[in-house]
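By written order: A, B, C, D, E and F. Residues from 1 in each chain.
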Amino acid sequence: MSMVITDINRVPETIIKEYAGLGVATVHEAQGRKGLLSSILRPIYRPVLIAGTAITCEVTPGDNWMIHVAVEQCQPGDVLVVSPTSACSDGYFGDLLATSLKARGVKGLIIDAGVRDIAALTRMQFPVWSSSISATGTVKESLANVNSPMVCAGVLIYPGDLIVADDDGVVVVSKGEAESVLQKSRAREANEEDKRQRFEKGELGLDVYKMRQRLAAKGLGYEKAGSED
Amino acid sequence: MSMVITDINRVPETIIKEYAGLGVATVHEAQGRKGLLSSILRPIYRPVLIAGTAITCEVTPGDNWMIHVAVEQCQPGDVLVVSPTSACSDGYFGDLLATSLKARGVKGLIIDAGVRDIAALTRMQFPVWSSSISATGTVKESLANVNSPMVCAGVLIYPGDLIVADDDGVVVVSKGEAESVLQKSRAREANEEDKRQRFEKGELGLDVYKMRQRLAAKGLGYEKAGSED
Amino acid sequence: MSMVITDINRVPETIIKEYAGLGVATVHEAQGRKGLLSSILRPIYRPVLIAGTAITCEVTPGDNWMIHVAVEQCQPGDVLVVSPTSACSDGYFGDLLATSLKARGVKGLIIDAGVRDIAALTRMQFPVWSSSISATGTVKESLANVNSPMVCAGVLIYPGDLIVADDDGVVVVSKGEAESVLQKSRAREANEEDKRQRFEKGELGLDVYKMRQRLAAKGLGYEKAGSED
Amino acid sequence: MSMVITDINRVPETIIKEYAGLGVATVHEAQGRKGLLSSILRPIYRPVLIAGTAITCEVTPGDNWMIHVAVEQCQPGDVLVVSPTSACSDGYFGDLLATSLKARGVKGLIIDAGVRDIAALTRMQFPVWSSSISATGTVKESLANVNSPMVCAGVLIYPGDLIVADDDGVVVVSKGEAESVLQKSRAREANEEDKRQRFEKGELGLDVYKMRQRLAAKGLGYEKAGSED
Amino acid sequence: MSMVITDINRVPETIIKEYAGLGVATVHEAQGRKGLLSSILRPIYRPVLIAGTAITCEVTPGDNWMIHVAVEQCQPGDVLVVSPTSACSDGYFGDLLATSLKARGVKGLIIDAGVRDIAALTRMQFPVWSSSISATGTVKESLANVNSPMVCAGVLIYPGDLIVADDDGVVVVSKGEAESVLQKSRAREANEEDKRQRFEKGELGLDVYKMRQRLAAKGLGYEKAGSED
Amino acid sequence: MSMVITDINRVPETIIKEYAGLGVATVHEAQGRKGLLSSILRPIYRPVLIAGTAITCEVTPGDNWMIHVAVEQCQPGDVLVVSPTSACSDGYFGDLLATSLKARGVKGLIIDAGVRDIAALTRMQFPVWSSSISATGTVKESLANVNSPMVCAGVLIYPGDLIVADDDGVVVVSKGEAESVLQKSRAREANEEDKRQRFEKGELGLDVYKMRQRLAAKGLGYEKAGSED
């Protein structure tokens, strides 16, 4: 039987706000290189950067009925995450659904399937990450679950988890770790800013990261190119 | 033997003009979800939207000779549709051919193969949908047919059929249906505009489309998240 | 044992400068249709066009350590070319490495693997051609060679070779041929300009290239469409 | 509206019988290199070789209902050809449907989608060419057409056309050409047998096909390897 | 920090034994069409059928160190399930590791990456499902987790879950459902046997499943082929 | 201009003979994990294992003319290696060419493109590794080089180099290293045999390779599963 779980717990809005400006690569590194969705998910326009709380929505192949069900579960600040029960590249989502989500304050869509009306979605500046772009329509015949734990693009997502998405891709942070990952992300950013300034001045990573000794220990050799080169 | 069919019948220009502004998803839905070319065809720049009449052109792998033959068959308002007789991603088409087509009033190119000079094509604003981008050149050794019925990206196209192409992809409408599909597309657009306004006000698809009863009949259940979530 | 070759010979800067404005398709044709890297390499932003001298850098899967080693070998005018020893789409390169390369005057990166921080790379206008985009981080554990001859995206590249890259893709010109290919590229450009003007006036390729007789000799037929069409 | 066309015309059984033993490559060449389905279709076991008449069956993504409808239209000697209206790799077909088709004398299945129970299908020696293998089940909710003209794996197929399939792939021969292609296929086979005997004796294709002069005219050069090689 | 979880709970051996002979498609259907791993996983030889308890093992790209760690956690009746933290097709596993697993009574390997020595693995009749075959070797440098919950080929697997794998693919059954799914699988098999006998006698699915009325209600039409066909 | 290099130097037959029975994974490891062709090359039947000297043959897309030229350059013990100048999956090679090569004592074919007549090739037991299987025919119009250095499936191959190919894939060993790699391959085999015996007795890789201390040093932890698992 298919179920819709209502009244889910979400990462608090106060934490989400603090994620503003933090990119996917930073967050992914800060949480120990986990939670990154497959890079087959690409944004339909760039640049783009969002952070919000996941509403999870399963769909059956070629059938977008459950997206309509999921919309009702969305609150301002949510990100709708859609995954088909078997691989499908049809266009599950277009400008009407985007209009509805935008009206509800939803920050964007993550879908391991196709979307359409991307010219309109781009004009509306409604952020979408999808695994394909296709005008193929879908039917409304089969049920599936909303707000159950769900694998999307290779990663397990619980409803209410934090989603961060930008030009590089999409990463999920679990509810229980959203605060600690935030601190680590900021620390990482501060550290990177320091490195960036040193690189701008021409310092080498070999020195900044003190790699020379370890490279030599591993056996790296240097040799001048021969004159015959 | 390879043949060039001349003096083909085309969807009348008066009808083509009426398609201005109608997108691929709309037309595809309006004609009963058929005629959509594979989503491997992508525009080289966005946004873009054209409607025109098909000139069909077969090419052999790595050989663009027949494109030169097809150019002569093109009239103002045509769209050149090119399909290789076996899969090939070479760059069959570049800025010189685009210059020639543009001079003849051709509206764009659909090709299930590669194109090159895409920086120049973008500057010229000559619309191209292709399955790949490649600088690989082609030879001029082998014949094939122009203006025969042809499968391109999985769909059968007759010369003179209507082609609509935009950011979402490419759809073909047969000559005999161009007028009726036009009426249905407009009706669909009007209907969508009404829906859009309701969604903007915050109405839900569940209510707009009266889905709740049918979902319940299929057995959809609702449940509050447990406190342990 | 892994080696770094230093003090390599490069195509002279005086020649590189002359390549300014010459595109990949032109250079590829001019050198007899060789040296084109696989079209899976795509620029992260467009339009873009560079010419520079190759620093070659092998990396192991999921490990970007050698890129840090290669940076030290880069001089102003170089292009860093990176190839994994087995296929990997991880994000080997981001904005810190780009900052370091830019500070050294490097013109761009060619990598048959993934990159990340592409929003920042685009803002910096640091040109990158990659086979994927991925926020996945890499480790620093394994050695490989720098400035050895290396196959990247299907093509053999020697350190110091000329790399030309634009919206269409990437081509390599060997040190020994850089001067002759330059002359042929320019001749080709001049010839194409003449053709472009003829096409703009409406002349057909069939006539410009004098193809009609050869087409007829091969057996191409012409036939009017029947009235039943 | 979805339609089932009954009482279709078929290539006569007397002609089909004559195709016994003729392979796909031979038939494809004999009919002028057309009609070959995409090589993504692969047999589930080898060796295998069939010839029969096409029953065409559209299916919607993730929905195999129409296959049950199509079974009723099958007669002894038919080959069921199934194509989804948009790409889908689910397992549309398994051993129960194969049992049903076998009971009706059907020679095999061609499907541009997935199949399952392939161990059982192999034990039954029921020939299947598919684009994927997947245990994913399908629903029975949506209609589509049976015995309409249909594109399968890139090629247009009319009901009643001749299908030849073997280890190399699948080719379709139109009803009107089945007899003439049969003659050409046999002529080709006879000619190949003569060539095969000459090759077995060590004659070279360069001589058998008298290629040397044409190669030289095109400019092929020969050169001894240098001693430094 | 990377962890190895020891002394995991497993689906009891008494239940596993009862699964003997049950195929993937049957089990997948019986548990409500969930738990099926992506069909990119293919067996290296056929026919093959196993059922056992999962040991989960993460690996980093190009690094098989953790497989050696996981072997120690394997008991007779286990199936080793390996998933890379980012996509990699290298050959993580060969005949030495298979010898070690076989000596421990392990029933097979499921790996969303590459394997090698497949001729030897086939001779040994050690069952392997992999997403690629590659002789590329791996290093032993980086840690990851053993027996943590893990996504493999798109599906979440807990250590100790039941794995069933055959020619069609791989399905996972959660510990808590292994017994109920067993009963449903058997019921399904019994039901299918009855259907099979009816199909063998020539009955149609349209009648066996009583589909005719529902098809008509949906609007399916029948029409004789015209004489012009 | 296209050239055929004749009278190439080859790895001596005495060395080739010593490679009998050595597999691709062993040789690849023994030569320091280089020279492995992309795993998209798969044998058309299994098991299979060959070692021989490379004749390199470029072909243009959809054109197999140069294969006929290359046949003449083949001697007993050679392996014909074919690579298209741009990607193509057409069927370049079938049973007639195989008959010709077999008559000349050629040991097999490596081709980064398609082959056909694979049922006949399997019956003849003529070993072929290809990147696709396709009945699509090719023309004979364009020249390319024979016995020039050539990249095939991502790896540089010189004519006369040693090719080893088996169920796992294809590896090339350069002429200058064929003897030393032979010694290292044998040493590796002897070492593996010792390991195999220890694994068969139930010893763990953790102990055989003395990994426990290094794993602990890297920080690997062990923990009993909780009772709630």
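Please note the rule applied: a contact is a pair of C-beta atoms (placed from the backbone, for glycine too) under 8 Å apart; a residue touches a chain by one contact, two chains touch by 3 or more.
Remember, it's a predicted structure, so these values are computed and weren't measured experimentally.
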**Report entry** Steps needed, at fewest, to go from chain A to chain E via touching chains
**Finding:** 1
Report task. Identify the chains adjacent to both chain B and chain F in the sense defined at the top. Result -> C, D
Query raised in the report: Any idea if chain B and chain C meet via the same residues, over half in common, or different ones?
Result: different
**Report entry** Averaged-CA centre spacing for the pair chain B and chain A, given as whole angstrom
**Finding:** 30
Report summary line: Distance between the CA centroids of chain C and chain E (whole Å) is 42
Report summary line: Distance in whole angstrom between the CA centres of chain A and chain F is 40
**Report entry** Junction residues of chain F - those touching two or more other chains
**Finding:** 33, 36, 86-87, 89, 134, 136
Query raised in the report: Which chain pairs here would you call touching?
Result: A-B, A-C, A-D, A-E, B-C, B-D, B-F, C-E, C-F, D-E, D-F, E-F
**Report entry** chain D-touching residues of chain A, taken from the complex the two chains share
**Finding:** 60-63, 86-90, 134, 136, 139, 141-142
Query - Residue ranges of chain B in contact with chain C within the complex - result: 1-9, 65, 68-69, 71-72, 89, 91, 94-97, 99-100, 103-104, 114, 116-120, 122, 132-137, 140, 143, 147, 158-160
Report summary line: The residues of chain B that touch chain A in their complex are 23-25, 28-29, 33, 36, 39, 42, 46-47, 49, 166-169, 171, 192, 195-196, 199-206, 209, 211, 215, 218-225, 229
Query raised in the report: Of all residues in chain F, which touch chain C in the complex?
Result: 33-34, 36, 38, 85-87, 149, 151, 154-156
